[in-house]
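Written out below as structure tokens is the structure these notes cover.
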Amino acid sequence: NVLVKVDGSSTVYPVTEAVAEDFQKAQKGAVKVTVGISGTGGGFKKFCRGETDISNASRPILKKEMEECAKLGIKYYELPVAFDALTVVVNPKSKINQLTVEQLKKMWEPAAQGKVSNWNQVDASFPDAPLKLFGAGSDSGTFDYFTEAVTGKAKSSRGDYTASEDDNVLVQGVSRDVNALGYFGYAYYYENKAKLKAVAIVNSKGKAVLPSEQTVIDGSYNPMARPIFIYVNEKSLERPEVRQFVEFYMKNGPKLASEVKYVPLPAKAYQGNLEHLAKKKLGTVFGGDAEVGVTIEELMSREAKM
Amino acid sequence: MNSIPATTVVSDRLARNVQRNIRERAIESILFGAALVSVLTTLGIVWVLVSESLNFFEHVPFSDFLTDTMWTPLFSEPRYGILPLLMGTITTSLVALVVAIPLGTVIAAYLSEFASARVREIVKPFLELLGGIPTIVYGYFALTVVTPVLQAIYPDLPGFSMLSAGLVMGIAIVPYISSLTEDAMRAVPMSLREGAYGMGSTRFQTAIRVVIPAALSGVLSAYILGISRAVGETMIVAVAAGMQPNFTMDPTEPAQTISAYIVQVALGDLPHGSIGYQSIFAAGLSLMLMTLLFNILGHVIRRRYREAY
Amino acid sequence: MKANELDQIRSVIKTNKRADLIFALAGFLALMVGVMAFVTLFGEMLANGWERINPDFFSNFPSRRAANAGILSAWVGSLLVMLVTALSAIPLGIAAGVYLEEYAPKNWMTDLIEINVTNLAGVPSIVYGLLALGVFVYTFGFGQSILTAGLTLGLLILPVVIVSTREALRAIPIHIREGAYGVGATQWQVVSDHLVPYATPGIMTGVIIGMSRAIGETAPIITIGALTFIAFLPPSPITDTAPFLNFEWLFSGFTVMPIQMFNWTSRPEEAFQQNAAAAGLILVLMTLMMNAIAIWLRYRLRKSISW
Amino acid sequence: MSTTEQNLPVKAFTRDFNFYYGSFHALKSINLPVIEKHVTALIGPSGCGKSTLLRSFNRMHDLYPGNRYQGEIVLNPDNTNILDTRVDPIEVRMRVGMVFQKPNPFPKSIYENVAYGLRVRGEKSRSMLDDKIEDALRGASLWNEVKDRLNQPATALSGGQQQRLCIARCLATDPELLLFDEPTSALDPIATANIEELVTQLRDRVTILIVTHNMQQAARVSHYTAYMYLGEVVEYGITDEVFLRPKKKETEDYITGRFG
Amino acid sequence: MSTTEQNLPVKAFTRDFNFYYGSFHALKSINLPVIEKHVTALIGPSGCGKSTLLRSFNRMHDLYPGNRYQGEIVLNPDNTNILDTRVDPIEVRMRVGMVFQKPNPFPKSIYENVAYGLRVRGEKSRSMLDDKIEDALRGASLWNEVKDRLNQPATALSGGQQQRLCIARCLATDPELLLFDEPTSALDPIATANIEELVTQLRDRVTILIVTHNMQQAARVSHYTAYMYLGEVVEYGITDEVFLRPKKKETEDYITGRFG
């Protein structure tokens, strides 16, 4: 049964799906690929039980998950495949153009629940208007990353906002409400540019930066740009169809990533990934910590040192 | 004539011919087994919900579950109060019923007592078709058509609201209520109607004073079924009500229902065994208990107001 | 009768008739609300999705390019899931219905089963999803497969099949039974030679209505976790080598129509909304068709009933 | 006011009355007088059209599609053709009461059953209602049996009591003509005797047209009898005459039990 | 073989037979012979237990819970008490056929209706079936009317034809005793005459027990008549005797129509 099983992040899903589609076509249907959407955490859970060959992840593997994998002796390759720019959006009619992480924190931290309900509570200069929040569902890597980046602690968020795993629901919500603010992956913003306005985020250097391919590559869109990965089970890679699929992924990754509105890594990153496979460089370069604001450059250098 | 002692024979459905008897009994056992599957299903549901809920309540104090006004089980500082979900469920159901019960009853009375046989023959199947539309379709209808229309009337309405979801849910439930109510009204014997008309009643008087009272148990059961449906309806609220556990009964607010929470979590596919995974079963158990309550109420009503004709 | 009494009656009738008219109008309006809701809903989808409906839409796999994306795996998946649903629910439902109507002695056990069936009919579908998740997916280890989905929906529609079987059996007059017993038939002969055949149209009506409900069910399928990219078909149930049947497909991953629609609506690209509308349109047409068949069957049945 | 040969007042009569169930010609050229404050019985074999004729007198057939009246049914004293399209069937039914084969009390209390017709007529005064209801129940010989439980559901009464309740329900509104369609065929012999007794009491107060399949009953309660056969009135006359000296062979065959 | 006083062979008889619907004692100490190759009629007012007694002869009551037989019903020539617990009710029904009040053909073809009893007995040979079916239909005087449309649905036949088909269905299996429960009460006069004619033909071939509410019919077709009242057989004897010189007052009242 020639089947490659992929599961995990919804953020990575579009890239992997694109690869899977083209791969199956290239193989003329000889290999089947399933791509599930379980969220990064859900994906790792299955991956570490040996149920899947490849896990999509919108954040690096965490300590707890590494331990899980170790328990069953599952070893893996960590392959970054693209960058995503988490985009904070408001209604096009909104007067808000830029926000600091501090301001975002004021809106989103758990202490804000039931209290911060007006824009002017976030900043006195903001309009006196109700604050309507839209965000990722609490089971997603996007949620984890955003909360980590904004409040400093993953999964730490207020609860009284409209949450959806279905990002289009969020697009709808923000586009219909002048006082709304939401966040999701860049692709959703890009496809709905007409209905939404991206908010520039003040980065670590104090500069307000809008998300774009350019600002992600040069590292100025931080801390909201994040690398996304696939993790490949070492044992599975011994199967030719899995190896073929991963190789296909690395070869076509740049093209397909930008096609689905992600920022591809420099070509040599994909080349590096293939070398890792060849040299059997297992494990993660992140050490199991949730990190935010890793730039492409940093990532590349870490990978090189591996 | 040889005399046979007087015997008393109690009727017995089955043959006494041994071979035939064995075969008949075997068949009966198989059929009984099939009937038992429904019981096993219930047991399965109860077992799954209760066992996972027990795991859940090992971590979560029962009192928190019942009294806390926040529901954020997947957050870093989780809160496990079912009340917001419960209020969301009740509010959306109320909105739906406010639409569905009057509409359904009026339609049923119209079809059963006013419309000509021809109109009824055409309209009834049409209504049933309406009841067959997948609720996911209704969900998008609520989000893309009804909400904007409501916002045009009431500009302050948010993009997701219990009002919009409830209204569409009401429309989705109308066919169930009208169809069952109409069945109940049709089942009222013509002789009662003739009695009423014979006294000089109009159709309206016949419908309201004689037919509906006579069909009361059927009509109430139809309502109960409608309530059960509303409480358990998932996709419409999941898509259109806003997925936001909200401790409010204001229909113009977004909110989350119990069922919508389960879908939301299931969409992310929580890892088996985590507290989040268990939380959907605890929520499911609450939902099940609610519908059970209505089902029991339905039984009681049927017992109590059994048709008197 | 004195003339003034007659006048009095006439004025009472006039008042009564006004109420009558108002109610008739209200009824008509209520009906129109239902009709309009349907027309708008259908019209919306038609307007959005119409362009996408062409042969390729049915023969293409889902794709990241909206224009190339089709519903092949979705409709095949729906078909196979429905097959499992039918194969599980129909025999079980008919057997259970026959037992309850024809065999069950009047005791607590029967009462229990009956109350249980009515209760199951009122259990929300999402709860069946939880049952499937806990029992089929994790306890039995069927995974997120066609088998799991089919059995789940099978259980979901079981009460519908049981109830319609019982109603159909109940509609067969007692004297048909007595006629058959009278010439010496056993109970099983009466059931299999007469009751089930005569009840078939009624049972079929229930089955089809149940199936049309099952085919549109989204929540329980989401709950078992079947939201995946599936760009292939499950292994064929029929093979060209003996024994010509293959059951691998039962354990295959799958997607179904409502899930595909749900998936598309959550895509960022606007063009996918068209696909979603088209898929929704087809889904609605499928359920409408099944319902129409059921309604027609029932109509025929009512006409041809001759005992 | 029209009268018969004997100069008795005619409460109602049909003139060349035909009735069709769709294309089925159920009643053919019926000419039948109903004498005021007397009982007229309709007898005849099953399916001959007795019920059809009776029900025409309060336009019960209007409730079902496809039925067609032809000719006249005239109600006195105002000489109204109740089949006239300008005549409101509701008005006709308010004047002409009907008691059915199977007792059909409404699923309400005994009180509300009898009050029903009055309420439909807009009567609201409680004391007025109380009075009329007592009168009607007395008139139907039911008062003593139910006076202590007027608020109990009517369906809890026995069959015979229910039938008397249905009669009371009609009496409460003072109908000019009372139609009975085999009022005792669903009752046991004792209840039957009660109803017959009641009819004989009522016949001095109201005009009664009664269908019965029980010839003894017809003989006992009626003044006039019409024998119907295949949708026609074969013979009409004073009851004793029809039973003892039938003019037609068919009537004789039927009455002597040689047929039917 | 047991015989009556006149030394006629008795096909079946009841001895101290009682029957209970749950706690309701419907039949009381019935002692009734059924003379072979003759027609015995059961008459009596509605509810007296005629059908109950008739249906006991093929243990139809076994189909419903809570019914209880007491005493004996003996079937000759083998002198079997068909109420004995060791006797299989299905066997009893294979020997004793029954025709019901309302014609109840199966919604199958005419052929299959008549074939059904044979199929239940395991008969499979087509030519054998064909023969027996023709015989049975001829026996029921139906062959000429249906021979060209044996494969058409039985429900398309008229009521009278349906009833004759039901008789054919029984005849096909050569029953020793044939039970008729008011076989003509749902039929029109012409169909009734046909069935009566058929019964008079059959009475030389099979033993017949018939319930009828139509006394003329009983008089026309039966040799023996039992008059039942309140669950008891009040009078039994040769039909002419019972009708012309009833021994009991109740019988006389009933027969002369003074009652019922």
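Note that the chains are named A, B, C, D and E in the order they appear, and that numbering of residues resets to 1 at the start of each chain.
The rule we apply is simple: a residue touches a chain if its C-beta (ideal position, glycine included) is under 8 Å from a C-beta of that chain, and two chains touch if they have at least 3 such contacts.
Protein identities per chain, from UniProt: B = Phosphate transport system permease protein; C = Phosphate transport system permease protein PstA; D, E = Phosphate ABC transporter ATP-binding protein.
Remember, it's a predicted structure, so these values are computed and weren't measured experimentally.
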### Task
Could you run down the chains that neighbour subunit A and subunit D together?
B, C
### Query
If you take the mean of the Cα atoms for each chain, which one ends up farthest from subunit D?
A
### Query
Does B-C or A-B have more contacting C-beta pairs?
B-C
### Summary
Max Cα-centre separation from subunit E goes to chain A
### Summary
Expressed in whole Å, how far the mean CA point of subunit B lies from that of subunit D is 47
### Task
Would you kindly tell me how far, in whole Å, the mean C-alpha position of subunit C lies from that of subunit A?
39
#### Entry: Where subunit C touches two or more other chains at once, by residue number
13, 16-17, 186, 225, 227, 262, 265
### Task
Mark out which residues of subunit E touch at least two other chains, giving numbers and ranges.
63, 65, 90-91
### Task
Two or more other chains in contact with one residue: find those residues in subunit B.
13, 15, 20, 200-202, 205, 267, 269, 272
### Task
Would you tell me which residues of subunit C are touching subunit D in their complex?
1, 3, 6, 9-10, 12-13, 15-17
### Message
Going by the contact rule set out above, which residues of subunit E touch subunit C in the complex?
### Response
58, 60, 63, 65, 90-91, 93-94, 97-98, 100-102, 104-107, 116-117, 119-121, 155, 166, 169-170, 173
### Query
Where on subunit C is subunit A touching in the complex?
61-64, 144, 225, 227-232, 248, 253, 262, 265-270
### Residues of subunit C defined as touching subunit E within the complex
105-106, 173, 175-186, 189, 193-194, 198, 306-307
#### Entry: In the complex, subunit B residues that touch subunit C
13-15, 20, 23-24, 27-28, 30-39, 41-42, 44-45, 47-49, 51-52, 102-103, 106-107, 109-111, 114-115, 123, 125-130, 132-138, 140-141, 144-145, 171, 174-175, 178, 200-205, 207, 225, 228, 231-235, 238, 259, 262-263, 266-267, 269, 272, 280-281, 284, 287-288, 291-292, 294-295, 298-299
